Structures are given as structure tokens and as C-alpha cells.
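We call the chains A, B, C and D, going by the order they appear; numbering starts again at 1 in every chain.
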Amino acid sequence: MKRIGVFTSGGDAPGMNACIRAVVRGAVYHGIEVYGIRRGYNGMINGEMSKMDSHSVSNIVQRGGTILKSARSKEFMTPEGRKKAYANLMDLGIEGLVAIGGNGTFTGAMIFGNEYGIPTVGAPGTIDNDLYGTDYTIGFDTAVNTALDAIDRIRDTASSHDRIFFIEVMGRDSGYIAVQSGIAGGAELVMVPEVLTPISEVVETLKQGWSRSKSSSIIIVAEGDEEGSAQEVADKIKRQVSEDADIRVTTLGHTQRGGPPSAYDRILASRLGLGALEGLMAGQKNVMAGIINNDLVYTPFEDTIRLPKPINEDLLRMVKILSV
Amino acid sequence: MKRIGVFTSGGDAPGMNACIRAVVRGAVYHGIEVYGIRRGYNGMINGEMSKMDSHSVSNIVQRGGTILKSARSKEFMTPEGRKKAYANLMDLGIEGLVAIGGNGTFTGAMIFGNEYGIPTVGAPGTIDNDLYGTDYTIGFDTAVNTALDAIDRIRDTASSHDRIFFIEVMGRDSGYIAVQSGIAGGAELVMVPEVLTPISEVVETLKQGWSRSKSSSIIIVAEGDEEGSAQEVADKIKRQVSEDADIRVTTLGHTQRGGPPSAYDRILASRLGLGALEGLMAGQKNVMAGIINNDLVYTPFEDTIRLPKPINEDLLRMVKILSV
Amino acid sequence: MKRIGVFTSGGDAPGMNACIRAVVRGAVYHGIEVYGIRRGYNGMINGEMSKMDSHSVSNIVQRGGTILKSARSKEFMTPEGRKKAYANLMDLGIEGLVAIGGNGTFTGAMIFGNEYGIPTVGAPGTIDNDLYGTDYTIGFDTAVNTALDAIDRIRDTASSHDRIFFIEVMGRDSGYIAVQSGIAGGAELVMVPEVLTPISEVVETLKQGWSRSKSSSIIIVAEGDEEGSAQEVADKIKRQVSEDADIRVTTLGHTQRGGPPSAYDRILASRLGLGALEGLMAGQKNVMAGIINNDLVYTPFEDTIRLPKPINEDLLRMVKILSV
Amino acid sequence: MKRIGVFTSGGDAPGMNACIRAVVRGAVYHGIEVYGIRRGYNGMINGEMSKMDSHSVSNIVQRGGTILKSARSKEFMTPEGRKKAYANLMDLGIEGLVAIGGNGTFTGAMIFGNEYGIPTVGAPGTIDNDLYGTDYTIGFDTAVNTALDAIDRIRDTASSHDRIFFIEVMGRDSGYIAVQSGIAGGAELVMVPEVLTPISEVVETLKQGWSRSKSSSIIIVAEGDEEGSAQEVADKIKRQVSEDADIRVTTLGHTQRGGPPSAYDRILASRLGLGALEGLMAGQKNVMAGIINNDLVYTPFEDTIRLPKPINEDLLRMVKILSV
């Protein structure tokens, strides 16, 4: 393999730049040419590709976002779009791809690979940590720490005013950010998509807290919780307890996506970027590089897309014990 | 004056603890006894007061929130409530008060002072910086930096995805947080309660940006803007430009109230706490201590409550120039 | 087991408070009484122990340091000291101990356990990550992120001035902090106690960088490196390259020990605190609770003390590739 | 004036990029061409100058360091050097300069202006805040907050171990960083170049603290203190009190120079950059733009270089009261 392309796709995540850097520097190290493709599959279709060298990735390891920009591409979902993309890659002599993104990204790569035979190795870049085939995804640790910083700030106010706060964190299908930021933030309860926490249980928890003179409480709600958004949950609670209860809601939103990546994310991203590149060089294709139990593993896109990643029930149990 | 009380009231603000510390340590230094009153006027009414010494305020200068807790008190708005409060203060022999809070706090203190003659000196503690009689209020600088940190994170995502972001910051009647975080965050536009920015101007700004190939934009909306919340503004814009425009909204919310105070806020809080105490000792009453042009000044509560604090028009002009 | 004690000993580490909290809340949850012992073994000897309940550990999960304070105890190294300690524990009816600390702490506990039969389960609290029996120790992730934040700041200056910086991080016998902060910080080279990097290799790396027009370089030196402190290494280099080379040295020092623990450290500390407690309840003794490959394991103190924890050679290889 | 140049010189400071951005965007706004000169006076001599437009300064407002790089130039101190520099400026038709830096920078500009008549307006960029003619310099607020963050971390350890810490902060001739970070960090004592604090007074303060059962203490030493470095002061103290005293030393070093600028610094830098530009346009020369009591003022280089900036004695008094 003499020439490869690298791109980021889907929602951006802190650490994507560290991953791009590892792919590029690794390629330079191994004597392979590397092209950066801008705006994900859109750039492949529109020919937004340019050669990168060691300097192209200087001073980016600490930056959030992605210097290659990211996008979701409707055109790549059509055969015509993929045809154009393939033609562009062939023009440049690109023989393989490293795709940094999530399941949407890998689905595109799998279809593309099946149609045109171009090998892709993926690196899991998404703050949600909802990908089978790796213990953690790039961006997750930073997102949890960003959420945690916000929770710490809100706790200052909650305990100064004896208030109850419902804080909504990201995670449409996955409670990972909620559980980890909840444990670390000393939350009284964590509501996640994977396990239903009925409103009655929330009320019960709050009442138990009051009976033990807990004056303030923090409840973390994952975006995708079945009982609704943090605001909806808070409204339901208010109706059941009392209008006197000083209940507030904060939705952390997009702040969780950005910021300088944590040490963990930079190292993970570097390992996975290098792992994806070296996998591609060794003949891997249509697989995602992941780290499981500290070992580099390759999982077929088919599995990362299809298989669910269960949440750690031990951690949910821990929330209960620690909020006693 | 041999014995005084100190309390925090209204919304909490980072630096309130540094201010309490300065009052207590200052009192110890000057040989005056000091009582901490918990939960604002409620604690005065319910007798939640206890003696503080130098150790009571150890290791709090760096903490957000307020160790004395804060609350809004309906009972203190009644003559009966104030009567109880006065009786409790008399029981303990408290001869003067330092009140840390905003206009609601000072209004209560003024009425109380007029009725019972007990002198109060205020220290301006509110993140909104909406108090006449001081250049900056305690908590403002921290709130701006917290908002800025969020804006920086969101810019990572905005520029990775070529998106437009509307970010709502606190400030029901005041655009101070919006203007300062907007300039510091490199925002394209800042919408504040003091000056109407019509939707048409927002649209115009966005279009000008696109014509200069600005691919991402950040617009800061103060909570109290006349065009509505950030979500409402974004909805209006979307209707006028295009449904294709990738527009997102984030409301920063209560995270802006908490967190370790910045150096500026700790120093300001220390100066104002000490200034309030020493003013009280020197016979001041019904005034707020403030810093104007680096000098300590005392302004009658009447004025801090009644007079508006105009926003700096130069800064608004600067937003326009810097987003060229 | 009806009553236990918990203490922190040796150098403090961020997350110790989260660990104390998990032990205390876990004990309350399981209906066990728990005493907090202050200042490590000294407090055991001097009888500085008091009962803790759920409220005792409120609002500490986010704080660096240790509310139980820590110390190294010379007296506990004597039979007389341990005798006093045992008598004090017996007086209170304490049947088991959770010890949060490093190898010094565990050595003391092992001797004490052998002499008096009192069971201790340890939780690894040390920023150095130099303990066999766990993938990571409490405080390590925070220390790496603190070092990384400093490296990021210094890089701003290094690249503004085309300078070479030698940055010394903690790690007397272990290069873990150096390697992780070095990879994450984009360092050109990392010098660790486990593997000798001769001065000639440092010079070679710098020269290669210059030949590729790298204008600034960052080299991380672990405290315990054989070539000496960062200052000594820098002096040697200066003699070999040129007095014109703009070389600076910064020693990060004790800032690496403090600060609010990262999410990772709070969760790890919570798991290990609870794991130590539940191990003790289940009859474990003279073992340290650790997390290996995401599973809770107990390793005899004997092994944690005796066995070396090798550094990950893959990571050292990665430093080279990524600085190409 | 149709074409100007902008450069940074001397030690870098956080906010320099925000200042460059304000100069460039301001120039675009006013229809003036602007050239960026790299590496300070060296780039003027070597012809490292290139045209900047609005995009050149996108996404830099939040970055530490300076994108134009900085250096100290020996060659510019010679008439030959300045001659070359002038010739290069003339070749490009540059009619005026904005110089961002400190006294060394302004001294060069003054001599250059006197020799060749080219007008320069300065913007004060230095973390030390040691420039007459402005209340604060660009970078100072960030440096204080960086020092403060380190002090907060060290306090965790100091109070966990009942230790005394001597922390050295930057400030060769000026105690501003020391005083502000000392007050904000709750230090027991602050030692500054402007006012001698004899060792005996340090000892006295420590002893008084012990007599009031203060178990830990933090003493801030400015780099340029007459009693020596923090290490030297600590050694002297140790000899006078006791070898048992658990005294540690940390020198914060270059971390104080970098990092994302605070809100305050970004706004100050924007105002001063714009102020320098608009001053230049209005015919000012050989002056520094500054902000005094919130007003923009221009002070002749002669005065900024010659006149001392006294330290605020009130703040020193406050350290004493607050550490009671």
C-alpha cells in the first residue's frame, strides 16, 4: 500500500485531531503517502483532498473538533455519489482509507467497500461510547469530564440554595455519559435509556433523601431516556411532589462535544489512529480498530453496527450505594 | 460597634465565600465579633446564626456558592417577619449587618434599616453585573469566563461542521455577560436587552459572513433579549434564511453561577467584603460598597436600586468591527 | 464485621476523598459502622478517630487532597507504636481497616496484620501508578492531565519562540506520568527511569527535528531519570549542541498532586473504595483491591510491594512514531 | 495611512493573538492594508512579512502564544539592522507599525522612530504588568489565574499534610502577579521586589499561624524578591525554625506564560489592539495605548520606559488582614 486517505465523519469528537495526527505521522514513519479528505464523504465526492505531511498535523494534538471538518453526506447514500467518490480516489491512486467516526460512517464504508473493494479501517470517534468493539470511543472521556465540570458548578448552586437539579447530558441511545458523570458528580440518581427508571422511583429517592436531611439533589438524565427530556421529567416530578420544591433544569448540550481532549482521549486516539493505519497496511478491511482490555482488536463493521454495547450494571448499582 | 452579622441573599455567585471570609477575617483583625446568618433573611427570622472565627472561613476562598447558603425570603417582606428578625438580632446584640447580594437583598435591607435603624452595608454579589455603584459585581468575571469556556468548546464543533450556533447566556435585564463573553469568544453578533437587534439585522450579518466565506458563526443571545430566547431567535432566523442552514441552539443555564471564582472575583470580593465591614465600622449605613475606577466608593441603596447601569456602547461597536 | 476504620497515608492523591466517600457510604449501605482515622498511622497511635456517617462525606467527591489528612509515621515503624495503635483500635471495637495509600502504607498494614491479626484491605492511592496489582492507581489520571495542561501551556511559548523545553514531571521510580503526558502532549522525546535514553540520543532527536525544520521541541523527563533532573539533562545537552540553542527548563512539582480529581479518578476511587470495603466484609485481608482489565481483583500486599510494574513499551515506541 | 505592519516582540503573553486579530480586523474594517511581521524585529530585518486579511486571524482569539512568533533581536540593536528593517518596510510601502510587547520592544520602536520617522503605536503585552501607562497589561490576568490554579492545587496537598509551601511566581521587577495570586490564593504572606519582607517577619508570621493552630501555610515569593528565590528563602527559614518543619518549594515557571487567555485578557487585548490601530490612524506615534480607569489613553514610550509603576500598597495590607 503506497497511498491512503484519512477522513472524519459524523458528529465531531475531541481527540479526532490526535487521531488524524497519528494516522499521518504513522504513514510518514512507514513511508506511505497520506491524503486528507475534507468534510467526510462529501469531500470524497467533491474532490476536496490534499496531501498531508508531518507538518500538516503539528500543534493539533490538543485541539477539539477536527481540522479535516466533518459532515453527514446524503449524496454518499446514493450509488451515483459513491461512484464519484471512487473515481476521485482512483484519480489520486488512493488504495485504502482510515475512517474516523461512528456507526453511520462505518455503514457507508462497508457499503463502499463491498461495491468497490476499497479497504477501510475505522477508528471509533464519538462522544457517546455506543460502539461495540472497543471499551471506549475517542471523545468519551473528554465529554464525561466536561459534563462533570458542569455538574460540579451546578452543585455549588444546588447546595447553596437547597435545590433539586435535573441535568440532561448527551446520549441518545446510550447512558454511558450519564452513568459516568453521575457517579463522578455524586448524583443521587441517573436515568438512562438502557434501564427504565420510573418516575415513582425518582420521587421515592428524593423523599428518602429529604428524610435523611439531604437538602440538595442532583439527578442526571440521559438525552434518550424513556421518561423524556430532563425538563419533562422535572415537570412530572413537580406534579407529584410539590410546587414548593425548588426544582431546576439544565441541559448541557453541545458544550459536551468540544474542548481540548483529555490525556486519556489523546492517547486512545493516538493508539487507535496508529492501529487503524497499521491494520490497513497489514491487509485488514471493513473493520474497526478498538481497544478491549488494553489490547488492540479489529472488529468487523458488521458487528460494530449490529451488536449492542450493554451498559455496566455494576456502575448503576454503585450510584445507589454512593448516594445513601 | 462590637458585634455584627453577615449573610448572603438572592442568587448565589462565585466569590461570595471570598467576601464572607474577608468580612470575618477583617472583623477578627479589628477585634469585632461576627455572626454568620444562614439562608439570608430566612435565617435572621428563624435564628439560624452562629459565631464565626478565623477558622470558620479557612479553605473557602476558592469555592463557588456560599457556605452561609442563600435564599429569597417571602416572610421578610412582611412586617411580622422583619419584627422577628430584629428581635433575634437584638437577642444576640448584633449592631450592624453586612449583606452580600443584589437589589432584592438591598431593598430588604433598606426597609429594615428604615424601620429599625439597624445599619447595613452591602457588597454587590451577583453574576449579572447589573448594579449601579460599582464597575463590576462579585461573580461576574467568573460567569463570563465560564460562558467563554462553553463558547470555545462550541466553536470547535461549529467550525468542524460549518454550523451557526445561537448561545444563550444569563442576563435577564442586562447584556453584560453577553457582550463580554461575545467579544472574548469571537462572536459574530451579540443580542442584548439594552439595545434591540432586529431579526433582519441578524439575517444580514449571517449573509454578509457567507458572502465572505465565513462558514461558521456564533451569535450570543442574552436571556432577556426582546426578540426572545435563543431558541426563539433561531426559529425566526431559520424561517427567514433556509431550512438547509445548519443552525443549533445551546442554553448555558445554571453552570454560569458556580465554579471556583476567578482571581479577579476573589480579589474584588475581598476588597468589597473588607470595604463593607470598614464602612460599617466608620458609621456608613444603607449603602453598598463598590469599586469605581479602582477606588472604593459607597452608594446609597436607594441609588443602586433605582438607577440603571448603562451598557458600554463601545464594546457593542467592537463586536461589529472584530467580526469583519 | 460490625465496625471498621478507614485512613489515608503517604503522599496525597486526587481521588482519595472519593475513595473515603465510597468506603463510608458503602459501610452505611451495608449497615457497618465506620471510623475515620486522621493523619494515617499517626492518628491510629494518637487516637484521632471519629465516627463517620453519610453526611461526613457530603460534597467531597470533587475535592483534591484528603479530608482525613495524611502523614508518614515513624512511630508506627516501631513495635511500641503499633501496640498503641492496636490498643486504640480495640478500645473502639474496630475489626478491620481500609488503607488508602501506596507501598509504604501497605508495608505497614502487612506487618501490623501479621502481628495483631487485624485484617486490612488496601486501595491504591498514589499519583505515580507504580503499584503492581492494578492497571491504574487513584490520582494518576488527574496528575497526567495536570501535567498535560502545563505542557500545553508551555507549548504555546515554545512554538512562539522556537524554543526547546525540558519539562520534569513526577515519577521517582516510574515513567508512567512521563510517558502518558508525553504522548498526549506531543512531546518529541520522553525520558523514563525504566529505560535509559542516553544524552546522545536526545541530541540526535533534536538534530533530526531541526533538519525537518521543527522549530520547537518538548522533552519530558521523569523525576527519577538516570541522566539526572531536567535541569541536569538540559545542561548536558546545551554543552553538546550549542550555547545559541534556546533551551528552557520547567519542573512541574507539587501542582501535580492536587486539584479536583478527573472523572476517571473519581470512578476508579469509588470502585476501589467499595471493592476494598466489600472485600474486607467478605473476609479478605492483607490484600490490595485493584482493577485489571476492568475487573476487580485482590492482590496480596506482599506482591504489590515486591513485584515491579513494567512500563508499556508500546507507548514508548509510539512517542517515536508520533514525533516524526 | 494605507498600509501598516503589526508584530509581537519580547516574551509572549496570552492575549497577543487576540490583539493581533483586533489590529487586523480593525484595519480591514477601516480599509487599511495590514502586513504581519514574523519573529519581531528579526522578521523586519529578514523580510518575513506577509499580507493578512480577515481570515488570517480566524479562530485565534482563544489561543495562547502568538501566531506571528516572537523573539528578542540583537541585530535590531545595531544601526545596520535597523537600516535593513527600514528598507524592507519601505519596499512594501508600510507607513506605520503596531508593536505588541513590553519595554524592550518599545525602546526599539522609539529609537527606530527617531531615526527613520516611521510611527509606531504600542500595545502592552507582557504577563508582568510592569508597564507605566496602563492599569493592566495583556496576559497579566491569565498569568494570575494560572498561578492561582497552581496555588489551589498545592493547597490541597498543603492542608492534607500540614505543610508549609513556598511558591515562586513570575515577576523579576514587579510583585503584581505575586500580590494578586497571593490574595486570591489565600496566602499567609507575599514577598515582592518592591517592598522588603525580612526573613524575620516570615518566621514571625509562621509562628503566629502555629500559635493559632494554622496547620498549613502558603507563602508566595516573586521571582525578583530581594531575599532570593523561593528555594533560598525556604532554606533560610528552615535554618531559623526547625528541621522538623515540613517545608516544600515549587517554582511555577513558564506555565504562567501560556494557555488560552482569560475573558479579561481577550477583551483588553481587543481594546488595546484596536486602540493602537486607531491611534496610529489618527496620527499618534511613539506612544503606547493603555487603559486607565476604563479609558483609552496614549502614553509616550519615553514615559512607559522610564517611569516606575508602583504596587498597590492597599493590596499588601489586605494580605495581612485576610491571613489573620
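Just so we're on the same page, a residue touches a chain if its C-beta (ideal position, glycine included) is under 8 Å from a C-beta of that chain, and two chains touch if they have at least 3 such contacts.
Composition by chain, UniProt nomenclature: A, B, C, D = ATP-dependent 6-phosphofructokinase.
Note that the structure is predicted; figures quoted are calculated from it, not measured.
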| task | Return the chain whose centre of C-alpha atoms lies at maximal distance from the corresponding centre of chain C. | result | B
| remark: Chain centres from averaged Cα atoms put chain B and chain D apart, in whole Å, by 28
| query | In whole angstrom, what separates the CA-based centres of chain A and chain D? | reply | 39
| task | Measure off the straight-line distance from the CA centroid of chain C to the CA centroid of chain D, and report it in whole Å. | result | 35
| note | Among all residues of chain D, those touching at least two other chains are 152, 155, 159
| task | If you connect every pair of chains that touch, what shape comes out? Choose line, ring, star, complete or other. | result | ring
| task | Please give all chain pairs that are in touch with each other. | result | A-B, A-C, B-D, C-D
| task | Show which residues of chain A lie in contact with chain B when the two form their complex. | result | 8, 12, 14, 63-66, 69-71, 146, 149-150, 152-157, 159-162, 165, 248-259
| note | Listed in rising order, chain B residues that touch chain D in their complex are 18, 21-22, 25-26, 28-29, 54-55, 59, 61-62, 135, 141, 144-145, 148, 152, 155, 159, 180-181, 183-186, 212-213, 260, 262-264, 266-267, 270-271, 274, 293-294, 315, 318, 321-324
